[in-house]
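Presented below is the structure to which this report refers.
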Amino acid sequence: MEELVNLFHGFAVALQPFNIMVMIVGIVLGVVIGVLPGLGGANGVAILLPLTFSMPPTSAIIMLSCIYWGALFGGAITSILFNIPGEPWSVATTFDGYPMAQKGKAGEALTAAFTSSFVGALFAVAMITLVAPLVASFALQFGPAEKFAVYFLAFCSFVGLSKEPPFKTIAAMMIGFALAAVGLDSITGQLRLTFGFTELLNGFDFLIAVIGLFGIGEILLTMEEGLAFRGGNAKINLRVVLQTWKELPAYWITSLRSCLIGCWMGVTPAGATPASFMSYGIAKRVAKNGSNFGKGEIEGVVAPETAAHAAGTSALLPMLSLGVPGSPTAAVLLGGLLIWGLQPGPMLFVEQKEFVWGLIASMYLGNIVGLLVVLTCVPIFAAILRVPFSIIAPLILVLCAIGAYSVHSSTFDVMLMLVFGVIGYLLKKCNYPLAPLVLAIVLGDKAEEAFRQSLLGSQGSLGVFFSNTLVSAIMVLGLIALFWSVIQQGYSRLRGAVA
Amino acid sequence: MKHTAQTALGAIAALCAVGISVPATAAWEPVRPVEFIVPAGTGGGADQMARTIQGIVTKHNLMKQPLVVINKAGGAGGEGFLDLKTSGGNPHKIIITLSNLFTTPLATGIPFSWKDLTPVAMLALDEFVLWVNAEKPYKTAKEYVDAVKAAPPGSMKMGGTGSKQEDQIITVAVEKATGAKFTYIPYKGGGEVAVQLVGNHLDSTVNNPIEAVAQWRGGKLRPLCVFDAQPMAYDEQIADGKSWKDIPTCKSQGLDMEYLMLRGIFMPPRATKDQIEYYVELFKKVRATPEWQDFMKSGAFNTTFLTGADYAKWVEAEEKRHETLMKDAGFLASTGN
Amino acid sequence: MTTGSSSKSGPAHKLVETGITLLITLFGVIVIIGSLKAGINWGAEGPRAGFFPFYIGIFIVASSAINLWNGLRENNDELFAEWGQLRQVMSVVIPTAIYVGAMPFTGLYLASMIFIAWFMRWLGKYPWLTVLAVALGMPIVTYLIFERWFLVPLPKGPVEEWLGL
């Protein structure tokens, strides 16, 4: 086991006092970045990148990757407390996390989210340690057709089986796709649906839509019901952490499944967002109490968080071994590596052993340090809900405005956010589901791009989506997921007929 | 309340006055953080260069005020250019450009031209290299072009970054020069393109050196020729005993096409001479640092540095060339939307 | 402050829902028009820019038609919300709209101070001291975190210009 020897050497590097200090600073900064909407992980890493310029490369990358961890942890906090996902992959966490907080179980939800993040990330790091070269070659098999198939699967496993009327679900989803299509069409390099407005060049950014639909919409709903945030009676001591821990092992199957989904999505690289949605969708279908999802099930927090963080972590693997970033944050980290004269790619693992294994070791340690830091803060976070609504609401609105502004540095986006807020309120009152809309905004243009790239390559033949075993298998899985409820019904009817 | 607020504001003002010492007239200097706009996404070539510059400026204390990198990638960079166009007279904003300075307005009809900006300096020129997968038998550009010609038209896939931008312009020019026919597939980023080539989802690419060098060193890709008038200057060995300098020019391989991509700096309209002078001096200092030289080497950049009228003349000629190239390729925006 | 005369009246759910469905239909029609402009056929480069949005637009219009039909058929006498509740909602929407609309002119900081102060004083009835502390403290902390530490420029107006920030 040469890898293990290298890893221990890496631990020795990461455990130097200076590096440990760097780690803690990184985690705290990361949590701050994750909590503030608009200061995403990519942003945070990008901003702090030049500051690390004067450090040795290993310490610098440890710091940056710890900021990355911190941001991953931090993203869950606002999702659970205020229904405002600071990062795209935290959206699925709001579905059950926020209802839990409303029931006064904010502490439990936060603990579950943090612990799941930790498990997911740890699983992914272990995978990177043990099977990195194997996984890298798997990632190379993903061309446009395979990527489209993955998006298709993510979509199919999430959609279907909702409480809302089916045609409202379709309408909501299509609105999302339409919004995603606005702006520059990446295949033809042509503007579409902008009607000559230069403000629409950027299209509709996911974060602005989500801050509006979820965050502002929720405040408006709260206003309608009177001036109070429910959930102020959340327990605010550390015992809640231990109590939740006792509950969590029961969900080990969900956990494991989410880890696998996350690693797969992170490596391909489809990213953390589809991973979280897909994992949530599948958990909802196969869990015993799946029908309770959306009302505050702890399992509905475990599934997306685990998957998102397994994906976020494993996304670093294609970055290191292939030089392809699996996420925007990884893209900025990649830039960092280049600045230090480290060339990511197949040779990095051979030529820069100390660096690579120092980084991997710091992933283990950074993750543990991160978990400790955020868990001790659970009571503090939960206590935020006790702040009276008429103080916290304007502060949230201001933070939302800052978040929306900083996406493109445009005040137009802030107005857009408010419009989305009102739309979110109205749609929710009229029983339109918002989750498919958001998923469509996130995945819509990526899926379309992959689809059209594939067709370009195959010169217009749709057969490309069934041209090899890998892509066919994923497509078939997607179709099964799409028609899951029909299949389930048919199966039980069949069993009834036999019996 | 009003009174209290005024007092508070006064206090803040006083604090700030202490913090900022007023510069002694003459030479202009920034008095607040300078926004460094990147009209492309995070992690791309322009972004990497901007962040490297930011790092160098911070490390060597080249500016008294911070330099803040901001990505404005919407509409193939149109977002960033329009932002500068509308910030006339604001000296605390600069932009790093790539070829989309020319291609974006031409291909999308976004109301913008480089003449709306103030040219500051050309930092470097980025090279383009024709790459194939190392498993393929083609050793020279000629062998590859012959293979493309022999294959059914359109069955060979050329990958590149963006649509109707530099990579696709080169592809079309190659088609024109050789009579071969490719299918061009656009991707979001250069790194992704290189990996798609490694995974054999493409037949060739025209990646910049920095985007594909790792795969070359890993023995996954093979450079065939460089789209420049002379070979690149760097003779340090990279892979299989070859250096950047050993890559022949495409012209010498019968592929008559030259293309270099601008990495230059512009300011918003109505900048004063002093202000331009300040930034020119700043970038001269940046270029003198060892970090910058390392960066140039790692990406095998052409390090031509131009300022003032020479730079403007170069940009003007280049715009004309792009217009011709894009017109020939049929890439000009047809409708206004 | 909402209890009283308007306890059980308000816009009918059916009415609001019909309105929203029609708005979504309109959105779908706009999408279709935009797609037609971009070209909806199958060109040399595969489907053209408007190909997918066009069918998405069609789907929006079609599903809205079904939703409209379902909504009108349903026997639903419920209220969308009471007027008092809506007034509460508007008491957030309108000031936020003013806040957002003022931001390009006054900058974020000044607008936020006034907005927070208004919200706390008007809806929360807090003493002026608390109001001031929060309304001034939050923008200052924001300034420090965003502009000083993370170097993210936020919109500024004449006051900041004058202060030289």
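Letters A, B and C mark the chains in the order given here, with residues in each chain numbered from 1 onward.
The rule is simple: a residue touches a chain if its C-beta (ideal position, glycine included) is under 8 Å from a C-beta of that chain, and two chains touch if they have at least 3 such contacts.
Molecules present, by chain and UniProt name: A = Tripartite tricarboxylate transporter permease; B = Tripartite tricarboxylate transporter substrate binding protein; C = Tripartite tricarboxylate transporter TctB family protein.
Everything numeric here is computed off the predicted structure, so don't read it as measured data.
Visitor: Averaging the CA atoms per chain, pick out the one whose centre lands closest to the mean of every protein CA shown.
Guide: Measuring from the global C-alpha mean, the nearest chain centre belongs to A.
Visitor: B-C versus A-C: which has more C-beta pairs touching?
Guide: Between A-C and B-C, the larger count of C-beta pairs in contact belongs to A-C.
Visitor: How many angstrom lie between the centres of subunit A and subunit B, each centre taken as the mean Cα position?
Guide: Roughly 30 Å separates the two chain centres.
Visitor: Quick check: how many Å separate the C-alpha centres of subunit A and subunit C?
Guide: Once rounded, the distance between the two centres reads 24 Å.
Visitor: Rounded to a whole Å, what is the gap between the Cα centroids of subunit B and subunit C?
Guide: Taking the mean C-alpha position of each chain, the two centres sit 37 Å apart.
Visitor: Going through subunit C residue by residue, note those that touch at least 2 other chains and give them in order.
Guide: Touching at least two other chains: 34, 37-38, 151-153.
Visitor: Send over the residues of subunit A in touch with two or more other chains.
Guide: 47, 185, 187-188, 190-192, 194-195, 409, 456
Visitor: In subunit B, which residues are in touch with two or more of the other chains?
Guide: Within subunit B, the residues that touch at least two other chains are 68, 70, 337.
Visitor: Can you tell me which positions in subunit A touch subunit B when the two form their complex?
Guide: Within the complex, subunit A contacts subunit B at residues 42, 46-47, 49-51, 53-54, 140-144, 183-192, 194-196, 198, 201-203, 318, 322-325, 328, 331-332, 334-335, 338-339, 341, 343-348, 408-409, 449, 453, 456-457, 459.
Visitor: Hey, which residues of subunit A end up touching subunit C in the complex?
Guide: Answer in residue numbers: 32-33, 36, 38-39, 43-44, 47-48, 165, 167-168, 170-171, 174-175, 177-178, 181, 185, 187-188, 190-195, 216, 219-220, 223-227, 388-391, 393-395, 397-398, 401-402, 405-406, 409, 411, 414-415, 417-418, 421-422, 425-427, 429-430, 448, 452, 455-456, 460.
Visitor: Inside the complex, what are the residues of subunit B that reach subunit A?
Guide: Residue list for subunit B touching subunit A: 41-43, 47-48, 51-52, 54-59, 68-70, 72, 74-76, 78-79, 82-83, 107-111, 154-155, 157, 162-165, 168, 183-189, 191-192, 194-196, 198-199, 201, 210, 213-215, 217-220, 291, 294-295, 298, 331, 333, 336-337.
Visitor: Flag every residue of subunit C that touches subunit B in the complex, lowest number first.
Guide: 34, 37-38, 113, 117, 128, 132, 136, 147, 151-153, 159, 163-165
Visitor: Which of the residues in subunit B end up touching subunit C in this complex?
Guide: Touching subunit C: residues 1, 4-5, 8-9, 12-13, 16-17, 20, 31-33, 35, 66, 68, 70, 335, 337 of subunit B.
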